[in-house]
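You will see chain A twice below: alongside chain B first, and alongside chain C after that.
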Partner chain A sequence: MSDPASALIDRCEAIVNDLDHTSVADWKRQSDGTERKAVGFLPVYVPREVIHAAGFLPVGVVGGGDALEIIRGDAYFQSYICHLPRSIIEMGLGGKLDALDGMIFPSTCDVIRNLSGMWQLLFPDKWAWYLDVPQNLSPRLGGRFYAHDLQLMAKELEGLGGLEVTPERLRGSIEVYDVHRGITEDVFALRREAPEKVPTWELYMLIRAGLILPVEDHSELMVEYLESASKRTAKRRDNPRVIVAGAFCEQPPMGLIRTLERAGCYIVEDDFSLGQRWLREPLRITDEDEPFGALAKAFLEHSAQGATRFHPDGEPKGEELVRQVRECEAEGVILASPSFCDPSLLDRPMITAALDREGIPWTGFKYAENTGQFQGIREQAGTFSDSIRLWSEAS
Partner chain B sequence: MIPPSTAPSDIVGRGNKEGGQLFRQWFANLSEVAERKERAAYVFVMGSLNEILKSFDMPVSFPEINALQTAIRRVSHEYLDEAEDIGYSPDICGYVKADVALQMRGGEHPMGKIPKPSMAVFTNACNTYIKWAEIWERMYDIPIFTVDIPGTRQAGIVTMPGQHRFENDRRYVEGQIRELITLCEQVTGKKFDIDKLRDCMANANRLSLAWERLLALNRSCPSVFNALTDGTVYLGVANGFRGTPEGTAYFERLVEEMEYKAAHGIGTLTEEEYRLIFVGVPCYPIFRRFNEIFTEQGGTFVNSTYLWFASGGTNRGYQYDTTRPIESLAEGLLLSVRDAMDSMFHQYAMVREMAEEYSTDGVVFHPIKSCRTVSTGLADSRRALMEETGMPSLFIESDMMDRRVVSEAQLKNRIDAFFEGLASRKHQSKAEGAA
Partner chain C sequence: MTIAAGIDVGSGAIKVSIYETGPDGAETRHALVAERIRRRDPTVVTRESWELALKHAGMVAGDVAYVATTGDGENVPWATGHFYGMTTHARGALHLDPTARAVLDVGSLHARAMKMDPRSKVLKYRMTSQCASGTGQFVENIARYLGVPAEDVGARSLQATEPEMVSSICAVLAETDVINMVSRGIDTNDILKGIHMSMSLRFAKLLRSVGADGVVLITGGQSRDVGLLATLREALAKKAKNLQVEVRNHEQGIYAGAIGAALWGAWRHDYLARKEAS
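So, the complex of A and B:
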């Protein structure tokens, strides 16, 4: 019997693996001969609502993974750096990002900040923008600054040929993304409840496609997937439930995700798509709300506790992860960090300390987006899985 | 003004001597603070806010300077190993790891003892600063304060005072400075004294002017100081003593020395054949030797991006208006730290400009394992520089802390080849001139 959910994932896989972004180019061409515009953005968080309100297609750019051979990209960087910027430069130089009319570089880390400077040097005809998200989290200062910065970005998008980002239009876009956020969380909830029905490699593909597809289409796709996957009758195995954390920017190759699952782990939560799930609550905007301010407020109050965001309140690092472990009834954590990823690796000792305090088993490794050898990781994850099943207090 | 009859021995070299003395005194003072079980504010070189902290008489410690001193004194590997043993990755910043180990050792440092932090103040000029402060916050339960300095949104489009975009950014910085003052009052139990701040700012003004003049003086041929070695001494004083009368006096005397050297054609110890610019952070584990590999072949460093970004943008020589101290401090901080960030993130135009102004023969790019902040983009800047100007350049990698990735022999091979290229270019140019 055919599985409609698998067919949907096949569609997603085709979109994600098309590094030339032909689906974006297709979206841009309109039947009357005119062309719409698309703007790329780098991980982790960019408020796509503003791009959407300008009438542009927001396109997440997360590198070429293991499908892209880096030939020129390496020459633009030093040896000791993560893989993501090399593959993005390779994509840019190879014309794979030609469909994008501009790029937004958020203040994720210094590599991405610097990439904004390089982009303007390499592609002077393309619009590039550094989005300075606030590190001061008081509404009066950071909130006001950020709302103004978003207005600045909206004006830039208008200058690029976009629609005027009026309060009405932006409120409409926020509502569209609120719907999307809700459905996204529904899919993640289904995986938490029934990981045997929603393998993580499938969920990953589904969510990755959302970086490229128009938000409305992606919401529909997720609803279809949700309906089909929930009807599956897969048998639950005696696999430990684990959370994968630390992989929020440079993405692991699909082979690595499959390897973790094959090694006997049910991944019940992950941060691969942290940027798309950054705002933890819907904005529920009303006609009275000033929408730029609402986005800023949501950033200050409802952001995910990621490694790229300043935590000024003394909350022990890793506390959110511990909370997730409890909520998801996870039995262990796999810390997966890209090599040379400063935010992820700098957080790790504090996170492992939090896990140790709570007696939560964990294991950790580093990867690159083009890691090709998984045997070592399979053995590590398999041993971790066995140790939880055989030796944990619960067993 | 130095009388014309002054003997060179009275003045030449005094900057390094006095700088060394000041720095030994600096560490001795920190040790005394630690021995008294008192604490110091932890700050960073890119936007230390020393003006504010000194107005509260707070002792100040620079963890970056503490860390690099362990490398210069050839013990950094011990500190790195200890931090890696508790889970810090070999991939991340060596300064952070040296500091974590130093904290675990109760402040033990080759130059004395480092006090525990009372608070930490840092900008976003380097994202690792933020992560680093989060470590202290959890280690000591202290307040930490980010001064978020808005960066350049688009390369080449630099906003200036009076423009709407700039003023919005400035107001953001000013609001944060006011929050910082409140926090300092809480931490020290002292009331903010605006006149004391004015004094610190007036001292910082004189220091900034002197720093700007100092850099300009190295346009002389021969250059009057080595930007890599002497420059690092000056940087230490510029950061540690910013806003203080001692710092101001030091730099004014230093400028006097360099004016004298420039007027008398006195250069560094190197017979200057090639004027070089250094881009990146020095190789501290073999600091002296690294420089020697260049000077042995007649190369001197006449300027560096390090003297720009690690001085927090003091090179701009920004002068505070002490009649409106907070507003002006915000404006100066925004301009200077943004400039420091641009010299890392949008550095190409600055390197090109520097190369022209300092009659440069070549540019040495030195990315390091520890630091993505200063190293990302160097290869691309080099490519752009070579394409546009044909300027000879060298791209060598090592580290500022970790001797495991410093290979002197490999570095020497590459540097030798670079000088062969420079020599051949010089001969060719002479031959063309003769023809």
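So, the complex of A and C:
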């Protein structure tokens, strides 16, 4: 009997693997001959609500993965930085991002900042925006700054031919994304409860499709998936429950995620899609709330404690990961960082110190989006899985 | 008493074991099955081997409390859990020879040396690189080219008088070496021992790099090859004199992975039962 959830994932896979963004081009074409606009954004976090309120399609751009050979992109970046920017340049020069009318570069790290400059030099006719997110978490300083920054971005989008981002329109978009956030968390909750029903490679594909599809369509897709996957009768195996952390920007190849699962791990939480789950709570905006301020407040108060967000001195890093381990009843953590990813790798010593303090087993490795050999990772994940199940109690 | 099964899905053969463990630590064997894949669908061979093992044990699937897979058996649908090959070979080796403190697992496509503690916890390991030279599949291919049945390779190697080494780095080069030897009229027994010598040199390096100490048990598909055992002992005596090791093999060495999987499966079953009860 065919599995409806698998069919949905096949659909997602086709959308994600289409590096030419055909579905975006299709969305832009309207029946009356006019054309809508789409704006790309890079990881980690961009408030898609603002783009949506301008009537544009927000499209997450995370590189070509292992399906794109980098030839020209390598010429623009040093060998000692991550793979993502060279992949984005390769896509741009190869016309794979032509469907996008503009690009937003959030202040994730120096590399993304440099990429934004390179992009503007290479594609001067394309609209580009560098989005500064606050590193001062005081509402009076960082909050005001960020709300103002978002208003500037909204004005720019209007200038690109978008709708005026009125408070009413932005409130409407926030509500749409609140629904999306709720459903997203429901899917992740099902995986936590029954990882045998929601393999992480499937969930990853489902969420990645959400970077491309209109939010309303993606919400419907997730509801359908949730209904189908929850009815599955898969056998639960004696696999350890693990969290994968550190892979929040440059994405691992699908083969790596499959390898971790095949090696006998149930991934019950991950940060592959951190940007899409950046705001941890629904905004529940009212007609009285000023929506730009509400987005800024949510960023300051309810956002994920990722490596790209300022962390005040005195609060040990890794505490959120430890809390996640407890909440998810995870038995270990796999730290997967892109090679040369400063935010991920610089946090690792503090994170491992926090895990060690709590006696939580962990292992770590590095990858690139085009990593093709998984035998080493298979061994590492397999022995980690065995060590959790056989030696954490027996040793 | 806990009944558990181990299914070792290898590149060349499927091995299945069914064991019963008791609270006193007794480990009783009920079935051991090995079936060559021989270009068939491995999933079909796995299913058939499993059913044959159940038949040998006089059991039905429901009698088995935990089915553990190892090797490439991650996707066996009826499995309860999966253990990594190193973990299971170490446990299987300890079962076959309780004095073993290191394992040399020589399979179809790779070989690996492991040093372990008295509980079979792997302390250090090294694997051969990606080239198939010096592994079971390579030996079998050469034996086939030479017209020697695989089961006779070891005995023929022992009869060699003037062996010649082949490349231990690359299977293609090694095959070329063998072709040259055949054309030069080198005796088949000498060619076979030359292959064993090359493999043993490589394995001696692996054992030295893990710091093997004490009894080393050969497991995997080549564990019954007496020619390999002899040349490995010679290689260690010549090239690793500082290693205090005694290399042994075992009649059931090929089943070590499947045995280890079954025994760990039984342990996990009992552990989970205790955890649930407490």
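Note that the second predicted complex is superposed on the first by the 392 of 395 C-alpha atoms of A that agree within 3 Å, B and C clash if a C-alpha of one lies under 4 Å from a C-alpha of the other, contacts with A are read in each partner's own complex, and residues count from 1 in each chain.
Basically, a contact is a pair of C-beta atoms (placed from the backbone, for glycine too) under 8 Å apart; a residue touches a chain by one contact, two chains touch by 3 or more.
Here the structure is a predicted model, which is why all the values come from computation and not from measurement.
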{"item": "Fit or clash - chain C, chain B, common chain A", "value": "fit"}
{"item": "Touched partner set for A:Pro85, first chain B, second chain C, both or neither", "value": "first"}
{"item": "Chain B versus chain C as contact partner of A:Trp27, first or second or both or neither", "value": "neither"}
{"item": "Touched partner set for A:Asp238, first chain B, second chain C, both or neither", "value": "second"}
{"item": "Touching partner for A:Gln135 - first (chain B), second (chain C), both, neither", "value": "first"}
{"item": "C-alpha centroid angle, chain C to chain B via chain A, nearest 10°", "value": "100"}
{"item": "Touching partner for A:Gly264 - first (chain B), second (chain C), both, neither", "value": "second"}
{"item": "Superposition-derived comparison: chain B or chain C, residues of chain A touched", "value": "B"}
{"item": "Touched partner set for A:Pro343, first chain B, second chain C, both or neither", "value": "first"}
{"item": "Which superposed partner A:Pro316 touches (first chain B, second chain C, both, neither)", "value": "first"}
{"item": "Closest Cα approach, chain C to chain B, once both complexes are overlaid on chain A (Å)", "value": "19"}
{"item": "Residue numbers on chain A that touch chain B, as the complex places them", "value": "75-82, 85, 107, 109-111, 113-118, 120-122, 128-132, 134-136, 138, 140-142, 144-145, 148-149, 152, 307-308, 310-312, 314, 316-317, 337, 339-343, 345-350, 352, 366"}
{"item": "In the complex with chain C, residue positions of chain A that touch it", "value": "235, 237-239, 262-264, 379, 382-383, 385-386, 389-391, 393-395"}
{"item": "Touching residues on chain B, where the partner in the complex is chain A", "value": "86-89, 91-93, 96, 124, 126-128, 130-132, 134-135, 137-138, 141, 144, 146, 148, 150-156, 165, 168-169, 172, 175-176, 179, 344-348, 367-370, 372-373, 375-381, 383-384, 397, 405"}
{"item": "Residues of chain C defined as touching chain A within the complex", "value": "66, 74-75, 77-87, 119, 121-122, 264, 267-268, 271-272"}
